[in-house]
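Dropping a structure here in structure tokens format, bear with me for questions.
Chain lettering (A, B and C) follows the sequence in which the chains are written, and residue indices restart at 1 in each chain.
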Amino acid sequence: MAFTADPALGVVFERVVKRYEGVLALSRLSLAIAPGEFVALLGPNGSGKTTLLRAAALLLRPTAGLVYHTGGEGLSPEELRRRIGLVAHQPLVYDELTARENLGFFARLYRLPDAAGAVDAALASAGLAARANDLAGTFSRGMRQRLAIARALLAGPRLVLFDEPATGLDRLGRDWLDVTLDALRRAGATLIVSTHDDSVASLASRSVWLEAGRVVQDTAPGFQGRAASEVGR
Amino acid sequence: MSLRAAARVVLEKELRVELRTRELTQTILFFVLVVAGMFSFAFEPTAAESRRILPGLIWLAFFFAGTLMLQLTFVREQANDTLAALRLAPIDPFAIVLGKILANFAFLAVTEVIFVPVFSLFYNVGVGAVLGRLLLVLFLGTFGLAVVGTVFAAMTAQARMRELMLPLLLLPVLAPVLIAGVEATAALLQPDPSLPREWLALLGGSDVIFLTATWLLSGFLIEE
Amino acid sequence: MANGRWWRSAAVATAAALAITGYAIFMVAPTELTMREIQRIFYFHAAAGIAAYAAFFVSFLASIGYLAARQPEWDWLAVATAECGLMFCTVNLVSGPIWAKPVWGVWWTWDARLTLTFILELLYIAYLLLRSMVREPDRRATVSAAFGIFAFIDVPLSYFSIRWWRTEHPQPVLGGGPGSGLDPRMMQVFVLTILSLLALLILLARQRYRLEALRHRLSRLAMEAEAPPEAAWAKGATR
């Protein structure tokens, strides 16, 4: 994966509401995540973790409230999106394309200077070099997840959002994920990882618990343990 | 990234996926073949009648084939949530829609190039002398179909009963394109062929108007 | 509520205006020479068409307003006017054949304006159908606004295509060139009909808008009852 020298992006939620039909996915949620933080996002299923991550990725428009990024002031929306990486529930790759074609497609969309080189490096890093020319649809779940992570990291994002990234990964895959997360952290990228997995959570510098679309607990050592509702106001 | 370059990358991806699976093109080719056969069973046309009903047949066959095919353009992106990946990419949302419009237009245009001779054979109406102008009229109308169809496919991708919804939304909006296309085709198939300028203007004008609206609205269309 | 009283008075005034209009159509307007009594259907028929176009135009503007401002009020206005417009369009479409049968000898003909009204009817049925098929409120508002814009820009295209397609249509009664036009008394009654139907349109659209606003409030209250905004924090903390 490529590491860029761009500053890391933080993200701030101010009283964010996201309403789906009859359901409040986010209920006036306030949370501030500073550039360079590694945040574990915890909470039961349906507590709003996925919605929060997708809002941070600018994929969904809140019903009310504000989501904005810090450290990227003055950037166009496109430049801002370029610095955000997302590993979602779904793999975000095309089953009908090979691993190499998938990454090549996104490398071109992100206009990477050395697309072929970046793709080769990403495939090697994810341990997919041997299957690079096989269709992604033929991959096992773990391989698909590694391809999904390689795709998200391809353009060197400075805010990386992981939605339960350990899903489908075997022991080796999890180790690789831990190493990857650690490398991202050391490269200064902001990380938000939703997880049920304690080993991933233990890497994080801060844990945020969600329930019913709100922050119910927040250990923020870097922030003298202030509650998120105060940080985000 | 420039709109043109980004749309081209999306277009190439669409073509690559289609060349690999051939799902869309195979399906619509067969669909048009079935329709071409069924119409002749239903009407059993004489030579004079064929000349009269053929324009309508051709356009309806392609329009229905289009509504079937266009439905899949965004549904395919839902399987692995790849639409989110496209929306995350640092490109204009219009580039995503435009790439898909061009790909869908290409699939439909190929079908038309193959099937105009088939219709001509089945219904015994010679088109050789006016083939160029006939394809121009078909392509202009098909482009409008591809534009509005791709847009509405994006709108209905998350709707219930989307397979039914798309034709119901699409066909009334395309009524002017259908009228202009059928009338222009009918004028071309006359023993003394002509291409009335107003129909050409209406087809071209619709394309421009629909594409402009799409450009203005594309950001909203692919939202979650 | 003063606002409510105002609207109630407006409703009474509209009802009175409609009654007067009915009286004027049958008692004041002169009988047409060739079509005789059946021509009296013209007043409601044409005025309903005008009201439908006015409603669809407002719906189009409200759709643009929604996409520009993203305030749900615009969406309520768009659906309220589209529904009322569809009702007036249906009145126009049903009264047309009643008039056509004795005069033209057929219930329906693919005449230019009949065809255009028919397409309009289809477009706005599709609009309402689309709304009913998208559950998520924000997405429904966005998608239907986009469709509302496409539907309305389709009207001039349909107009020209149909005009060129069916050139033998009867001349429009108003502004159709020399020789056409209405008797002054007929014109007065016609203007009265238009005004009272527009008043009815405003009244109905307002009621429909309020219904939408109440539904919105209800769903919000239901959601808050499920997850009380102030109690959620404490509830989570005690677990």
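Methods note: a contact is a pair of C-beta atoms (placed from the backbone, for glycine too) under 8 Å apart; a residue touches a chain by one contact, two chains touch by 3 or more.
These numbers come from a predicted model, not from an experiment.
**Student:** Counting C-beta pairs in contact, which chain pair has more, A-B or A-C?
**Tutor:** Answer by contact count: A-B.
**Student:** Pick the chain whose C-alpha centre of mass, unweighted, sits closest to the average of all protein C-alpha coordinates shown.
**Tutor:** Taking the mean of all protein C-alpha atoms as reference, the closest chain is B.
**Student:** Tell me which chain's centre, taken as the mean of its C-alpha atoms, is farthest from chain C.
**Tutor:** If we average the C-alpha coordinates per chain, A ends up farthest from chain C.
**Student:** Just give me the whole-number Å value for how far the CA centre of chain B lies from that of chain C.
**Tutor:** So the centre of chain B lies 31 Å away from the centre of chain C.
**Student:** Could you please state the distance in Å, as a whole number, between where the Cα atoms of chain A are centred and where those of chain B are centred?
**Tutor:** 38
**Student:** Take the average of all CA coordinates in chain A, do the same for chain C, and state the distance between these two points in whole angstrom.
**Tutor:** Comparing mean C-alpha positions, chain C is 47 Å from chain A.
**Student:** What are the residue numbers in chain B that touch two or more other chains?
**Tutor:** 223-224
**Student:** Out of chain C, which residues touch more than one other chain, so two or more?
**Tutor:** Each of 135-136 in chain C touches at least two other chains.
**Student:** Can you list every residue of chain A that touches 2 or more other chains, as numbers and ranges?
**Tutor:** 61, in rising order.
**Student:** Which positions of chain A touch chain B when the two form their complex?
**Tutor:** Spelled out, the residues of chain A in touch with chain B are 54, 57-61, 78-79, 81-82, 84, 86, 88-97, 101, 105-106, 108-111, 151.
**Student:** Which positions of chain B touch chain A when the two form their complex?
**Tutor:** Interface residues on the chain B side: 1, 5-6, 9-10, 13, 16-17, 20-21, 79-82, 84-92, 223-224.
**Student:** Help me check something: in the complex, which residues belonging to chain A touch chain C?
**Tutor:** Spelled out, the residues of chain A in touch with chain C are 19-24, 27-28, 61, 63, 209, 211-214, 216-217, 229.
**Student:** Please name which positions on chain C make contact with chain A in the complex.
**Tutor:** 70, 135-138, 219, 222-223, 226-227, 229, 232-233, 235-237, 239
**Student:** Could you list, by residue number, the parts of chain B that touch chain C in their complex?
**Tutor:** The contact residues of chain B facing chain C are 148, 151-152, 155-156, 158-162, 165, 168-169, 172-173, 175-177, 179-180, 183, 198-199, 202, 205-206, 209-210, 213, 217, 220-221, 223-224.
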